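So that we are looking at the same thing, I have put the structure below in structure tokens.
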Amino acid sequence: MSALRLTLISRPPARVDLSPLTAQPLAGRSAAEIAALPLVLGNRRVRLDELFRVTGTPGEALEIAGSDDRLDRIGAGLAGGSIVVEGDAGAYLGQRMTGGSITVSGHAGAFAATGMKGGEIRVAGNAGDFLAAAIPGDHQGMQGGLVLVGGNAGDRAGDRMRRGALLVTGSAGDYCASRMVAGTIAVGGRVGRSTGMAMRRGTVLLLTPPAGLPPTFNACGRFPLTMLALLARAWRGLPGPFGALPAAGLTVRRFMGDLANDGKGEVLVRE
Amino acid sequence: MSGSPIPAPDSAAVTCPFCGLVCDDLVVTGTPDAPEVRASGCPTAANGYGQRARSDGPRIAGRPATLAEAAAEAARLLRGARRPLFGGLATDVEGARAAGRLADRTGGVLDHMNGAAAVRNLLVLQDGGWITTTLSEIRNRCDLLILAGGDVTPRFPRFFERTIGARETLFGDRPGCDVVFLGHGPSKGTTLRGAVEVIGCDVPALGDAFGVMRALLAGRPVDADAAAGMPIAVWRKLVERMRTATYGVIAWAAPDFDFPHAELTIQALCELVKDLNRATRFSGLPLGGSDGDVTADAVALWQTGFGLRAAFGGGAPEQDLHLNATERLLATGEADVLVWIASINATRLPPATTTPTIVLGHAAMTVAREPAVFIPVGTPGVDHAGHLFRTDRVVALPLFPVRSSTLPSVAQALSAIEAALGGGG
Amino acid sequence: MLLRLAGGRVYDPAHGVNGEIRDLYVRDGRIVAAPGPDERVDQSYDLTGRVVMAGAIDMHTHIGGGKLNIARAMLPEDHRSDPRARSPLTRGSCGHAAPGTFATGYRYAEMGYTACFEPAILPVNARQAHLEMGDTPMVDKGGYVMLGSDDFLLRLMASGAEQRLINDYVAWTLHATRCIGIKVVNPGGISAFKFNQRRFELDEKHGFYGVTPRDILRVLSRAVHELGVPHPLHVHSSNLGLPGNADTTLGTIQAAEGLPIHLTHIQFHSYGTEGARKFSSAAARIAEAINATPNASCDVGQILFGQTVTASGDSMTQHRNSGLASPKKFVVMDIECDAGCGVLPFKYRDTNFVNALQWAIGLEVFLLVTDPWRVFLTTDHPNGAPFTTYPHLIRLLMDRTFRNERLGLVNADARALSTLASIDREYSLYEIAILTRAAPARILGITDLGHLGTGATADITVYRDEPDRERMFSTPEYVFKDGELIVRNGAVVKVTWGRYHTVEPAYDRGIERRLKEHFDRYQTIRAASLQISRDEMAAFGHGAEVRTHPCRRGTP
Amino acid sequence: MPAGHAMILNGVAIDDEFAEAFGMKATRVIITAQDLTWAYHAATTATGFATSVIACGCEAGVERELSPDETPDGRPGVAILLFAMSGKELAKQIERRVGQCILTCPTTAAYAGVAGGEPVALGKNLRFFGDGFQASKQVAGRRYWRVPVMDGEFLVEESTGVVPAVGGGNFLVLAETQPQALAACEAAITAMRLVPNVIMPFPGGVVRSGSKVGSRYTALSASTNDAFCPTIRGITRSQLSPEIGAVMEIVIDGLAADDVSAAMRAGIEAIVRLGATRGIRRITAGNYGGKLGKFHFRLREILAR
């Protein structure tokens, strides 16, 4: 039984919301049913097979081939199974997913992993702004699971993030971890301005020293935190620097802030 | 559906549509074709009323046409569009109502020409809220006025005059109101009666300063020696003044926070105000309302529950403050027809784009590139009656024509297009 | 065009009709007497087995105005979960707690409501409120304008102005803002909050003006009475939500000094301080006082569990409660030396002791107030719950078994403290018709709504008589507005715009000079800019009729 | 007492008896530290005074050492097991012992050692020692608390799992002399320590004060097992044949019945290997006639397997 494979016929003329695909489990639905799923394309409704060639069998695995940055909400609400995106993903990748895995071979658009509660997203390329962030009005961004970005993340990565782990191999943009509520963000490369602004709690682990932190962060000293060993163990084997952190943990410089908001967040900078 | 013309109850006073203060005390005279502000004016009003019509009538691809023909061509373009963008939206309540109706009907997107600035505030409202006040409260109560981002009079020329200018207040005489500028100081010629302080800080880093003041107010240690380019002592002193003011106000004009993610700065400001209100009274004042931005947002909000940047393609409105931004929709080609509405200020031209564009423009507008359809429209409060919301989102003021005009209102032009779309859904 | 609604079981309490099988006739939008034998009936509906009532009237629902638009703006997450797609007939909009005006109008009509009254219109915001209501299709509407924390009134009172002047000001305000009643919210408290007072007791002096809430209640209830405005002063009492506020509420009833007074969302004002948590039900005391005071009426402001948003003019209370916002965000505004507002989202939880007790207190009030003409069915939409919960609330009132089942699910400590389980009363259809039709029309002084007598506006709702009253009241089979079928089987089949209801009591226009001077000296708009003309209002409502109801000066 | 055919291994008589054991509640806590020394300081203190539920509230002991690659944080560690008669009592004991003996001990961290089971607070309440400065961290689905202390952070998992367990497995070693009995028990304990999921809660794993139910003093519910006390053999209904000079008992608590029997087997086999030539004459087990405990460990069945 082969995976259900949707091959994008051509770049769609407007953004397409693919959440209907994962609104219910794929398994148990017929290929004909999938082909006939109504999708909104601009101000019209089209059948899914007007945009995609449908092959394979609906089940636990879904492949989207020739994917494009106009395909929004891939894997929204995913509860289990796997989605493999060959190409780029649009905005809201994996929105509110609770389980399963999504891999993207290219880049992901804005708000990937927003409201994510569980499961795993791996993006080989870059992620757009507001990765793992809350959409306006939602009070929590990512709330669980693991996100691993092979490339860079845009601005505001982890804004209002509440739980889970967000790992960015490359660099992160401005205001990383803004208004972060809790959870763990790790960045391998550089970060932009004002990391941790209005952060409440949570951990930002930077493998590369930042150019500066907001004035509402105070230095607390240099420590080998046992907690980091737990993270290292949890991440062991992941591609990139986080999969190879020393098992005994790291020694880090610890900064706490944002003092405007209780100051219980931490930015840890690898020595 | 703009309603029957409403006679001005007090013709000596005219209400001005040209900035978000929507002053209702102007004296406008002159000939019907050339109204002039005689009293209670300002440079913005003078410019606004001084805009002289250049267009004779509607055009299709540059060729003169009747309103009906132009509407028919606009309807033809809209019928073929997958994602029409109703942008600009510089119009009155009636125009905004008509735009909402047409966006619903055509499955389009609504955004305003000041959308980027408006969204900075909206994001704060949606994510944390705020404590704010309105102009008359400031006029009577304010004893410390802080302008975050610097002087606002280039955008709102009569701001000081209308707020803290009066000596006589409901609660006794006020010798003066202290004013603190965060950013650039008062424009030349500004006279203020109270103590004036200019803190020439780095405006895009003001969020840091608000954060520092929040930390200090909460009694937390701050080790940094500077924020937003100023020593911490400056902020320590300012927050102490804020804490001890009787009724302090911090105003900002979102367009002045023209840097990425400025909503974080505004939120920091609003949270500082909330913190202050645990023990004292202190308010924010978001300044906007120009070009009908508050109006367009308010109308869309009440009709659909969502304000600007809502899309109707899926049948129900869906707001997306990021994806549905005019600049993005045009840059990516996702919007395939642009309806650009600019009835207040002739210089607010449609963005440079190859997207087919229908302009409902001020009759004085000179477009760089001839749009597919151009319909010159009247200005509310100049050519026809209408309603505009003031900056505070509370007061909607009636506007009355100051000259006789044959120009259609935006509402009328949009209704003509809607009629041309034909019956049924 | 003569329409016959044949054979339905009619509940028309205004005429004492209690479930009698009757034919109704409608012509030109009004109910007419049975035609002669030679008159032709153009269309007839067989309503055998159906329950027929006048269109329902919500006399206290926050459907328009600035605070609602703030609530809408604040709650994208709430709207996202309740979209309403456009149809060939209707516009796209969305719910749930602070719906768009289109969704509001459609949904009210779909539940058989044909008139709604916005209870808190700030004078400076009246234009917006009427614009919003003008964009609310299907239903008639009107508003109560808020006074009592406006500096003009407080200055008049502080200067010892005669009642006559206050009456003129109140009348002018009704004219200028095109409203049908006067509301007072936390009398003087909104102003006091601007002076950093955080609580304001009934007999406490305002820090600047020296007047007390009791003084304000006295002069305003007297003004309303002397102007002959049919609707009594609509009072949101002091100390909303505070444990022990029942004493304030009883004091508020007395403050009217025998004149008519309507206490709104009384559930929020019926709290005692007994028990380990110093929070208890005072519903029995309050109901007893209402029962014993013929000049007093109330609406309940029932809370129902779930997410909603609270939107109030009571900035003092809303700021005090801002820490309880869920999700954590709120807006508080001081407005134009006129009033204020506060908006905070709130989630009532059945597991929460206080919320569960609030739920029980509301129901206790409903069941213990004996005169159904003086207690109104409201959730103070959206403050206690969105109006879409009304059918559920009606079932709670009509079905004791269901009520006790629900009671069994709430916080056990609250359950133990409540007397609700011991109350056997079940509302009848006749009584529901009083609460939701006849009584609201009567208390508003609207003589042609809320009943089915000859000459009444033909706003008629037809229900299937289902044992599950929640189902029954959720989706009426037919709703007629002005004699036209607008809803069938709970879905809109025709869009209408409704009309505005106002009053225009007579007054001495001498007050206008004083007001002009006040506005010119202290305000940032002119008095003239505040005034809404009748034509202007009609245009707000898509050409709506503005119906002015008579005031009878000095009516008892 | 031996009934039926005799079972004699290497000269040691194995009684046809059974150990009668009870259901208990148990958990494992993993203690790590900068080095094994400090992990042991915490572990031995935390399991101190925990020989019998009768007066200690719980029975606890070190289960085994853990190498760095076996611990959650990659540091040396020690696993301890704690047993109590109820989950509630166990929770109380965990909180007290972790709070007083691990939180206080330099460099340590404490983790749940049992997957599944009913969660019971490990750091959930101890976190409040942090006075608001504590922080929570979820890693791989498990929640930890980081409590600031003077040497850094006390890292403690929020909860640990409580599982049903078995307490009171036992056997008695009857030898000719006291040194011989003790040597045999030491050998047994050495072998038994290699068995996972068990502890022998008495000092050194060995108890000399076997007890019987009841006492001539009404205030006491148990008293010395006079039938096995050699020095009063002459004046009581002794169960000891003349050549027995000393009796010692090993009590076993385990996470499951199989663990208890495995430990008993390992211990008895070690003793049997010493054999009669080292003075070991007989192995028996304690029970209450099979009426009180639901677990019965028959010595001969255990050894036959």
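Chains here go by letter, A, B, C and D, matching the order in which they are written, and residues are numbered from 1 within each.
Here is the rule we go by: a contact is a pair of C-beta atoms (placed from the backbone, for glycine too) under 8 Å apart; a residue touches a chain by one contact, two chains touch by 3 or more.
On a predicted model such as this, the values are computed, not experimentally measured, just so you know.
Between the Cα centres of chain A and chain B there is a gap of 35 Å. Averaging Cα coordinates per chain places chain B and chain D 76 Å apart. Distance from the chain A centre to the chain C centre is 46 Å, each centre being the mean of its Cα atoms. Chain C has its Cα centroid 33 Å from the Cα centroid of chain B.
Taken residue by residue, chain A touches two or more other chains at 136-137, 139, whereas all remaining positions touch fewer. Looking at chain D, no residue sits in touch with two or more other chains. In chain B, the residues touching two or more other chains are 122, 126-127, 312, 314. Chain contacts in this assembly follow no simple pattern; the graph is neither a line, a ring, a star nor complete. Of all possible chain pairs, the ones that touch are A-B, A-C, A-D, B-C.
Those residues of chain B that touch chain A in the complex are listed here as 81-84, 106-108, 122-123, 126-127, 207-208, 210-212, 214-215, 218, 220-224, 226-227, 232, 260-261, 264, 267-268, 271-272, 312-314, 321-323, 334, 336.
On the chain A side of its complex with chain B, the touching residues are 13-15, 17, 40-44, 70, 91, 110-111, 129-130, 134, 136-137, 139, 155-156, 160, 174-175, 178-179, 194, 197-198, 214-216, 218-219, 258-261, 263.
Contact residues of chain A toward chain D in the complex are 144, 163-165, 182-184, 201, 203, 223, 225-227, 229-234, 247-249, 264, 266. Looking at the complex, you find that chain C touches chain B at residues 64, 66, 68-70, 72-76, 79-80, 83-88, 91-95, 98-103, 122, 124-125, 127-128, 131-132, 135, 151, 155, 193-196, 208, 319, 322, 325, 328-338, 343-344, 521-526, 528-529, 531, 533, 535-536, 538-540, 542-543. Considering their complex, residues 1-4, 6-7, 9-10, 13, 15, 24-25, 93, 97, 101, 104-105, 122, 125-137, 139-141, 162-163, 168-171, 247, 274, 277, 280-281, 283, 297-299, 301-307, 312, 314-319, 387, 389, 392-398, 424-425 of chain B touch chain C.
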